[in-house]
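Naming follows writing order (A, B, C and D), and every chain is counted from residue 1.
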Amino acid sequence: MNQFDCTDNSCMKEAGIEGFSEKKSEGSNFEFPEETSYWIFQKHKGFQGLFNRIGVFLFILFVLMALFPSVFAPYAPEERFIPYEAPSEEHLLGTNDIGNDILSELAFGARISMTVGFMAALISTLIGTALGLCAGYFRGALDELLMGFTDVVLVIPKIPLIIVMGAFLRPSIWILISILGLLSWESTARVTRSKTLQLRGAGYVKSAQCMGFSSYHIMKSDIFPNIIHILFPKFMLATASAMISEASLSFLGLGDLSMKSWGMMLSFAFSQGGFIRDMWWWYMPPGICITLCVLSIALIGFGLEAKEGEHFKEGANTL
Amino acid sequence: MKILPRNTLLERNTLLERNTLLERNTLLERNTLLERNTLLERNTLLERNTLLERNTLLEVRDLEVSFQGMETVTVLSGISFSIKESETLALVGETGCGKSVVAHAIMNLLPPESRVKGNIEFRGKSLSEMNEKEMAKIRGREIAIIFQNPSLALNPVYSIGHQLVEPLCVHQKEKKKTALYRVALALKRMGFVNFSECMNYYPSWCSGGMNQRFLIAASTILNPALLIADEPSKGLDKKCITELEAELKNLKMESKSALLLISHDLDFVRRLADRIAVMYAGEIVELANSSSLFENPLHPYTRGLLNSLPEKGFIPIPGFSPPLNSLPSGCRFHPRCPLREKRCIRVHPEIKETGEKAVRCFLYP
Amino acid sequence: MSEIARKVTRYFTSLVLIIIINFILPRLMPGDPVKNLIGEDAYVSEEVMEELRAELGLNLPFSEQFISYTSNLLHFDLGYSYHLHAPVAEILLNKMSWTLIFVGVSVVIGTLLGCFLGALAGWKPERKASHFTSFTFVVLSCIPPYFLALLTLYIFSFKLGLFPSKGFYDTPEIGSVLHHLFLPVCVMSVFSASRNFLVMRGSVIQEKEQLYALYARAKGLYNTDILFRHIIKNASLPIITLLALDFGFLFSGALFIEIIFSLNGMGVMIYNAIMGKDYPLLQGAFLVIAFTALLANMFADLLYILIDPRVRGGSMDESV
Amino acid sequence: MKQIKHLMGLELKARLKRTIILAILVLTFCLTIFSSGAAGQEDTENNQPVSDEGFFNRFITYVKNLFSGEEGKLHSSGEIPKTGAADIQQSAEPEQAVLKIATPDVIKSASLVGDTSLGIFAHLSNPPLMKMDAEGHIVGQLAENYSVSENNTRWTFYIRDDLYWSDGEKVTPEDVEFSIRYYGEKTPWASWINDTLENSTVSDADNSVTFKFNKPYTRVNMEFATYDILPAHVWKKIENPVEYTSNGPYVGCGPYYLKLIDLNAGKLIFEKNPYWKGKMPEFETVEIHFYSNVDVATLALKNGEADSYYKYAGSYPYSGIEQLEKTGNFDFLEKTNVGLVFLAPNLKKAPFSDPKFREALADSINYEELARLETLGYGEVPNSGFVPSAMENYKETEKLEYSPEKAREILKKAGYSDSNGNGILEGKDGKDIKLEILIRPDYARTGELLDEYFEQIGLSADLKTVDSDTWITLKDSYNYDLTVTRSTPWGMLMHSSWGSGYFDSRRTGQGVMHNLEDPAFLQLCDNILATTDSAELQKYAYELQDYYADNLPAIPLYWSKSVTPFNRHFEGWYADPLYGIYNLDTFTNVTKVEA
């Protein structure tokens, strides 16, 4: 019995040292369903449930605003009236320094802010997942290389890159989208890598390898489906942070003038004396809109993450 | 088709369980344990017959536990038993019959959405009415529990010494130095040769068996009156189980503490328990002292259990134990009971006390 | 030991890559630093421009510039800033000290505040107070940093006049520094607290389910004792990685707050260097930030191994 | 009770102790860093008096003031003594004699010669030889007067004899000669001196210095109104002035000398020059406060933390004027601005090289609305002659007016028709005309308005925002269609004055367009440069303005007034077109008056 014991033991140890998260999953394989089953009845009713509904409602409202801005906007955004006007019946949110109606500018701004947010998040999630999968699956040198590359990308400053791109091509939201997308896949890559490391140790992946499937096939059909449910919350949180970065960059005046996003409105309010003239109706609405939109997306993201948490727990136990 | 008995299947799993180099160098301790083991055998016999005069330590009267999840599930119903000072009662049953819930109910460790009815008295004090503060004073000092998965029960980021010292500091406000000394003593008593090194190991560095013995040391350092062992033998290989057995016997001898042993491993229970209660689908079906239970089991389910032991010919009980949220009507064992009668299906039998024994079956009116 | 070697090579390659990017990026940017030096109105003939370029070493081909750049770097000479007329190392030290005070203090406060409240919120999520703190921190983390800074500046400094609205101090003594830095530090710490809060809350909820927490309760520990003695140390592991990852963000976050509170710290200096194409200063600044970010990551890994014995692996095996 | 004792278990106490120690560590850390930071300015004069106003009682006074009703309005003469460095040498009267000026021109480095904006502020301590008076004529400042001879190649400046440096030395013609030669050799933007100066002689008898140039140059007096005169005995020792930085006192011969440059606090402190023989200024100290954010500057003015506002070649933001009027204790000094904002078409590129097309563009702009929106009523519709009325020899040319129909007719007559009927006119090459307006972020609003005006007359227009550096590169490489930019007062006087410096293709420079090669224009510039006779200058000036009106090389968008707010408690402000209120007359004449 002894000699069988030590050969088996060596291969187990090699897997053991790989990573903290992997050790936890290895531990959980030995749990028997019987005694932890009643933990699952703990439902997060309060926090997740209520805020999730608020998040979804707000999100739908903003998507509608983005798709049909003319419904919310009384006038065309370019139309000009008397500048620096306080809120009145015909201008619910007053007018800005060159007379555009702020409410219509706000409505049309939604579309741009959200497209930038979603497109950038899409690019960053795709790159992040691809890199995370390869790094997690192949481990060894490739893993170190990719993670080294991720460290470097994390450190590359966004502002000079945008100026460089702005100079060569015509500055537009596509530049903002591409740069935000290309420079913010760092956290997705790390999460996917650690999840792939965990799943790589699972039984069915090993059996797939024994059956001689190509590693691409295994990644596509075995590991990826299990990762999807953590990708969606990551995608939502990436959208939220992309929107905040877009607003901040356009605050520095690097945005695209022809398409005014909420960030651009805020930067004009700040530079054209909106604050000193106590025109709260000029800088508050865009700020609140950005916050609420990002909030709705973040809440949905957290809701999904919480549900994913439970799903994962059941998954591991009924292994 | 001959099905491999469950516990050999178990052994292959334990082999997979991390079993590090340290395991090998405790060879020399093992033989010290074996001599102490034979010594113990002799004096347990004379001790058994003085059982009757001691007073009851723990009294559980028709305990009922249900969980308000999506739909309310009653996990336990009508559980009553009592444990005397330094007596060992074993709770035996298939996985999923709610044995661990009893342990948690006694220690009031159930999650918030559980509803507990019935009465649990410990030395006259009713535990079910106590609030968290008073309960915290009793836990660890008077009632201790050993969980089944030792590697997970120990905190991964603190050293073993630090975790063993904690009960002393919390309950008896001891200084760190003197507490460390007492822990070292306890480990030495447990048979660890390199106890000073063990103090600053971390749970993740030691094997399951090692961790189990650390857990026992931690729980019994304040020598509690009642020790609840929740499936201690699960996940351990053969030689660890024998060591564990010796440990528990030694414990009963020295600290005179009562033991509520929860397990599904019948041989292990036979060697240790004074009285055995067999549980099936959330209720006790038979209660008797261990020798009489093994000679003539009354309840058909107990008989089926004993027949499935290797020495009785591996005859398994057909079918599966019912899930707790959809229990059959009448007697819960009737779908699998060979001696089934019509009334077993309709009426739910009550448990009948006959002297030392109790059984829940229509065969014994 | 192979793991340490692997980590060192990884960090070394990242550093080399950063140095290369650091060199190329500013030169890619359009605009000629020499023109920036002259100022808007002055008329300067072409030969003088050429002479200036030669003086600043900009007329050499790229490769030569790169070699001189790397050789200087090896002698820790970061070169001379065109606009600020001082050695880059000196400027960085002065500006860095200011930004580090303001960013460092707010990170420390933010992390402590975020972790403490996050732990409490995670420990009893169903309590009214936990709901309230969770919601406020989620909202705070969604507000763009500069908008939050604008509002605080407007309310506390414009309207109430409680706090001065510019510069690090009026007179160089501690009183006026604290008075000046109070608002920016508040904004920054609120922001870093909201990031830590959410992570901490999530990991406390997760760690609370573990068996050792139940065992701690079985050992007789009461309520918050369990949280502080057992769960916090386990739950704070993801915080370490978050702090390391966040390091890059903190400097850019500081840029906006410095612009709004008109503190001329590191962020504003970098922004002006970008606009004025001050190559040595840009290269020096990005290198320092990249280096501190890498250091932070390395420190996080080290801290991880220190705190979490599981990652440290069976060092016990070697010792026996 | 037991629980609390319980709580103070060994482990928790250790944890609390550790956090407290950590907090103390952080505090000491920032104290040490801060003290090293403050010590960093090692050559700060150590007699910098540590103000007695500790943080604690300052906070109390703030809070007390908060609840005593004045919502945020702190009277400058109120009970809160300003903690300016000067309140130690408080003169007899109770209020402190400190004049504070707010400015958005933040200086980047403490280098008197190297940093251009610091050079302008240093005019107070090291005044240049000449200065410009209110009507725009160049008159003497350090020099009493000057004489020109030998066909504008020999210039002699007679220095005033009552000038002393702040360290007691007398100002000598050697100082002036040294300064001019010093700039010539050491600074790139004054390198023209090095190329053209043949020799310079000094005569102590009539306290004068003569410069002999190798070719005639009529604008030497204008150029010498910008170079600060430096003390030879101090700057001789400094090898590379552009790189020399020091926060400490600079020796100056003006009414004040520059005592301290504090970049972290964002201010300059000028002290009264003890040896100043001219009219004694009333104020002990003049402080220049830098505000990178204009709103904060307005707040400072409202709170009395600053008494006036100065921006080189720019005005106080029009949007903030109303706020100061509301407070009631501000007056405004309005002067028509010599500089202006104009639209510069790329004359080297079709269809902008066609004057007819430019005329159409000029007619399509709604100047009235542009002026109203951009200057909020402090601007007016410009003349086609480009040069604003504040300049010398200004000629009234015909006003630009907004007539889109006329613009469409001109375009049709000039052959730009909309053949494919898609609403956009085609150029001579048959393709749709796509105008790309290149702008910098601070001209965003102007660009938007122009974009809309051009769309109205059938030209599809688009905006391209770039940062100022990219703008310079694209402009110098003529890689743009139209661009919006501004001219500064000094820029208008540059080269052969009246804005010619911006268009002459022979001159390069950051702000200039250098896109006009028309020989007639170049000849006109050379004629102006060759003469100093005022009658001839006026004739050429009129010719130049007529040339602008006919050819429209650049379309002026609006003439604006440069507005300077000042606190009513002060009187005697004096502004000149070149440097606005920042001149010696202001600082020597301003007095404090009880309004």
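Annotations
Keep in mind that, in the parts below, a contact is a pair of C-beta atoms (placed from the backbone, for glycine too) under 8 Å apart; a residue touches a chain by one contact, two chains touch by 3 or more.
Values in this document were obtained by computation on a predicted structure and should not be read as measured data.
In terms of the distance between Cα centroids, subunit C is separated most widely from B.
Pairs A-C and B-C differ in how many C-beta pairs touch across them, and the larger number is found at A-C. Put simply, the chain closest to the centre of the protein, by Cα centroids, is C. With centres taken as mean Cα positions, subunit C sits 21 Å from subunit A. The centroid of the Cα atoms in subunit A and the matching centroid in subunit B are 48 Å apart. Between subunit B and subunit C the centroid-to-centroid distance comes to 53 Å (mean Cα coordinates, whole Å). Separating the CA-averaged centres of subunit A and subunit D is a span of 45 Å. Counting partner chains per residue, subunit C has residues 29-30, 158, 222, 225, 229, 259, 308, 310, 314 touching two or more of them.
Residues of subunit A in contact with at least two other chains: 13, 16, 23, 39, 163, 167, 270, 275-276. Residue positions of subunit D touching 2 or more other chains, listed in rising order: 3, 6, 9, 11, 295, 299, 467, 470, 473.
Taken together, the subunit D residues at the contact with subunit C in this complex read 3, 6-7, 9, 11-12, 15, 19, 22, 26, 29-31, 33-34, 36-38, 40-41, 44, 48, 50-51, 53-56, 58-59, 62-63, 66, 71-74, 83, 85, 106, 108-109, 111, 114-116, 188-189, 191-192, 195, 242-245, 262-267, 289, 291-293, 295-296, 299-300, 303, 467-470, 472-474, 488, 490-491, 494-495, 501, 507-512. On the side of subunit A, the complex with subunit C involves touching residues 13, 16-17, 19-20, 23, 39, 44-47, 51, 144-145, 147-149, 151-152, 154-161, 163-164, 167, 186-187, 190, 240, 244, 247-248, 251-252, 263, 266, 270, 275-276, 283, 287, 290-291, 294-295, 298-299, 302, 305, 309, 313. Against subunit D, in their complex, subunit C makes its touches with residues 29-32, 35-46, 48-49, 51-52, 80-81, 83-86, 93-94, 97-98, 100-101, 104-105, 108, 112, 157-162, 165-179, 222, 224-225, 228-229, 259-260, 262, 264, 268, 272, 275-277. Across the complex, subunit D is touched by residues 78, 80, 83-84, 97-99, 163, 166-167, 170-171, 253-258, 268, 270-273, 275-277 of subunit A. Taken together, the subunit B residues at the contact with subunit C in this complex read 20-22, 25, 107, 109, 132-133, 136-141, 144-145, 147, 149, 152-158, 166-167, 170-171, 197, 201-202, 204-206, 218.
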